[in-house]
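Next up: the structures, one after another.
Here come two complexes built around chain A, the first alongside chain B, the second alongside chain C.
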Partner chain A sequence: MEKDAGSLIQNNSSKSAVVRRILITGICAAAILGLPLVVQNTYYIGIANFMIIYTILCMGLNLILGYTGLLSLGHAAFYGIGGYVTAILMTRHGFSFLPALLISGILAMIFGMILGIPTRKVRGDYFCLLTIAFGEIFRLVAQAWIPFTGGAMGIVAIPIPKIFNWVIRSEVDFYYLGLILVGFTWLSLTLLIGSRFGRAFVAIREDDLAASVMGINTPMYKILAFSIGSFYAGLAGSYLAVYQTTITPSSFRLEESCLMIIMVIVGGMGGMLAPISGVIIMTLATEAFRSLAEYRMLIIGVIMVVVLLFRPQGLFGTAAFKD
Partner chain B sequence: MLKVDGIYTQYGKIKVLNNVSFEISAGEIIALIGANGAGKSTFLKTVSGLIRPTQGRVTFMDRDIQGVAPEKIVSAGIAHVPEGRHVFARQTVQTNLEIGAFIRSDAAEIKKDIERYYDIFPILGERRNQPAGTLSGGEQQMLAIARGLMARPRLLLLDEPSMGLAPFLVNEIFRIVGQLHEQGIAIVLVEQNVKKALKITQRAYVMELGQILYHGKSSDLIEDDRVRKSYLGET
Partner chain C sequence: MLIEVLIVGVMVGAIYSLVTIGYSMVYGILKLMNFAHGDVYIFGALLCYTLLAQFHLNAILAVVLAAVAGGLLASLVEFIAYRRLRAAQHRMISMITALGAAYVIQNSSELKWGNQVQSFPSLFPADHIVIMGSQVSVTHIFTLIIAVVVIVAFNLFLKYHKAGKAILCVSEDIPTSSLMGIPINKTISVVYFLGGVFGVLGGVLYSASYNAISISMGFRGTIIAFTAAVIGGIGSMGGALIGGMILGLSENLISVYVSSSYKDPITFLILIGILLIRPTGILGRTEAGKV
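Presenting the complex of A and B:
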């Protein structure tokens, strides 16, 4: 397993490896695109849609946590900001989906900057505490500011999204919309990580002091990583809003942020696609043990402990991953 | 080239540097010696912008740089190789060197420089695709120095490059430092190995409790009774 993943990431020069790589990519792509043709049960497509949401969230979080090394426990807040922005814009101001999606991402990013600027020089554990505080403040505001957010009842009857002539209504429609968003997330993050920005993020993660003396503006790059990662959370929130047609504060609790962290860690930090395996395992586990109600967090905890015991770097993370 | 004029630096309320003045000309090599806790590392960090002085002036090539952000100081031409090496452990040797050239955008020249440092440090060339964390202490130190040089500095601040190394590696590091000086880079060398440091430098400053006690030609200081007693263990 490890060797396969390694040769996929490392640019293997031998021809057979290239052919195999194209083949594997092709099969995976076909399987993902064709899933709704094989699986007719919309319940399962619904689960896949939640995996898609978490994939977008975790790819963004992976930029913050995996590449830049900032432990943020407030990711659910940015997810929530995206959800509320879309809900409010579409229900009260007549926005169509695409502009609402974009504004949701941008506002989540701006809030990421607002939190990032004062915390840019705060070290590790304190940074983590501040992000928890931010997440809780967000949730409490969402719960208490009833005229604006609808309080605990949230915002209901979010209109059906439409992109040009495509009315997104069924589970399958949402599945493909989600895939487009995942594709966008993956592509844009891959470009970012391949640029000098990516280099700076990794340098900061590896050694903050050394990064500074190499001429990397560490506070600025931390704010960038944090706010860009939050942008994707905003997109995921926007998708959630139109997908569920309601938004309530309970979707954005601290437990959600923890779950995302667990997904990223179980999947493997720092690899672009590695968190997806964590998303799949954790989503399936949450679904499978739904009947156990609160106790399923216990099982999720056990899964994480077991994975970390046997693969401390996560399922698909490599100990010495390339940036 | 670099002129430090009466700087005071403190960590919170603890005063670390007390009215420190220092000067180095282009191409010069200077040792900064003193006991642990004398403030040598803090001095280098103040020059490279990692810490802001509370008072005083730092001028580099006729520009005031006190309180300027570290990345701007790197661009101005000062590279700081911090104590304890601080290599990017999970990145390859090659990537470490590439990150060292972060402020530059001349890709072809960066490539040439990397090859040049592989010539100067052949062991790094052999291990170019290995994660830096798997190198020995001496190799990591060489990488840290080469990485600092990738920014093409005019002034190199070296903090304890021989710390924790086996004796033959210490000699090797000192040989390389001498070689860099011959290439025209100005160097401030902070060292515990006072005898060796005084041998390869032109001048030296002796620091104690956050102040410069005295300074002079290295060849004179090596004969100086105060230095011999305090730092060379002679009576």
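Presenting the complex of A and C:
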């Protein structure tokens, strides 16, 4: 907290730092926006699109894990809820993409709220277990409830999304759609963290008990963090549905939740942009070993152990785990 | 029909108790969710499968070898992934390394044995005996007896053997035990070793009674052990027994009378229910939070 506040004040006071910051941001933004012009290979754009999905997921998860310290291993379920809601609305009820996206986010948020309520009573490890159970129930029900979710085969032929006159068809189109979603996520979360709510989240991150003594309604904020984080997961799922045009339960296994957690941890919890580095590193690591696909979980497992043994605060993180 | 279901349920329950005991013991001592537990047990069971099916070893020898290998693997995981973190700032850290270790073991076993369901050889004769008018397979009876004998023997070990008493002391209070001259690291290694051994025994009995084994049973085993331990009261031996029995019976009743594809979701629902209503479990003690 002190560190954050300190660095903010510093940035405000010294102009050169502000200029440098704007410059770096500008260059990064230009590089990200111009990427499809330079990289013509759609395979690489596809990798970037998956990074975008994980960025949205991890930014939301970071609010849960990094700010309120709740270890949720059920994040893939909210991602899945978003995916299935969009798939069902667009294939069976003729919804267009934008309303489906919004409803996906909101439904995921409602489920997040429901799962967040027990944080009042269930703590620590037990809460983690609860999220695992929720995630597995979601996946198993998606697998078993064939008339509604299509079972293990999932839902296929999700229509091509269209926003006003923009038909989103190619990898590059999806890249820009994803960037819009990331921009929205980043902007809304930055506004949130800067607000009164955000300061409460930071206080909870620093010291749960002290925050509650200061009159912050910690259970309410935890539920809030959980529902907001889930909302973004719902958006990511909706994007995945239209991007892949199919949705299957196997995309939402516990491993996905673990991967998101480890992305957030590798990048560093608690910062706004730090998880992105985790997303990039983990995606590149798993892509680099694509020819060794059967070693994927082995590699992820080793990274999980090694990072936490030697650098639990992540590569760029400010907040380490606290009790 | 009902009696058969109940007998199978009790047998499965006994196996689950066996798997849960090791898990619950670890939790009782270190307050660590050992995610690798199920993967260790499936590794041992798969090893036993190879020893039996490929090397045609004597059944008892194969089971013993596999159980020892599982135990060693469990202590190795403790040594590499958990020991350094015991004094760590936050328990979540070791939880995540535990998950990482689980994936490493799971993926390595998958590379060796693949992810298909394989048929596990029977360990007992395929006879039936008649109890109260229903046919009961000898395998089920033997499995039940072995599980019960192991659980009783382990309880006696805890109560009367020096090393067993040391385990109980360490689970009460690590710093005090260390002041009393109990070798903490050694005791914890023993706990993990025994946890692995019981897990593999449970895994072998389970695979043998269903004649099937696959890698996906590993994660399921972890969750079953979690759930049973939480239902009964985590860290308690009697609780592990009760939790295992409840799960074994409910699972069999559900798969016979409802549908086997909803067996696992309902297990998870039971877990959520228990966590919400009584997070300390049936026999668990409530611990006061420290500031």
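Convention: the second predicted complex is superposed on the first by the 293 of 323 C-alpha atoms of A that agree within 3 Å, B and C clash if a C-alpha of one lies under 4 Å from a C-alpha of the other, contacts with A are read in each partner's own complex, and residues count from 1 in each chain.
Operating definition for what follows: a contact is a pair of C-beta atoms (placed from the backbone, for glycine too) under 8 Å apart; a residue touches a chain by one contact, two chains touch by 3 or more.
Since the model is a prediction, treat every value here as computed from it, not as a measurement.
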| item | value |
| --- | --- |
| Which of chain B and chain C A:V302 touches, first, second, both or neither | second |
| Partner chain(s) touched by A:L209 [first = chain B, second = chain C, both, neither] | both |
| Greater chain A contact set [chain C / chain B] | C |
| Which superposed partner A:I265 touches (first chain B, second chain C, both, neither) | second |
| Which superposed partner A:L37 touches (first chain B, second chain C, both, neither) | neither |
| Contacts of A:A144 with chain B and chain C, given as first, second, both or neither | second |
| Contacts of A:R196 with chain B and chain C, given as first, second, both or neither | first |
| Touched partner set for A:N217, first chain B, second chain C, both or neither | first |
| Touching both chain B and chain C, residues of chain A | 209, 320-323 |
| Interfacial residue positions of chain B with respect to chain A in the complex | 48, 50, 69-71, 74-75, 79-82, 86-92, 95, 98-100, 102-103, 131, 133, 147-148, 151 |
| In the complex with chain B, residue positions of chain A that touch it | 196, 199-200, 202-203, 206-207, 209-217, 319-323 |
| Parts of chain C lying in touch with chain A, wherever the complex brings them together | 31, 33, 80-81, 84-85, 88-97, 99-104, 106-108, 110-111, 219, 223, 226, 230, 259, 261-262, 264-265, 268-269, 271-272, 275-276, 279, 291 |
| Residue numbers on chain A that touch chain C, as the complex places them | 71, 73, 118, 121-126, 128-130, 132-134, 136-137, 140-141, 143-144, 209, 254-255, 258, 261-262, 265, 294-298, 300-305, 308-309, 312, 320-323 |
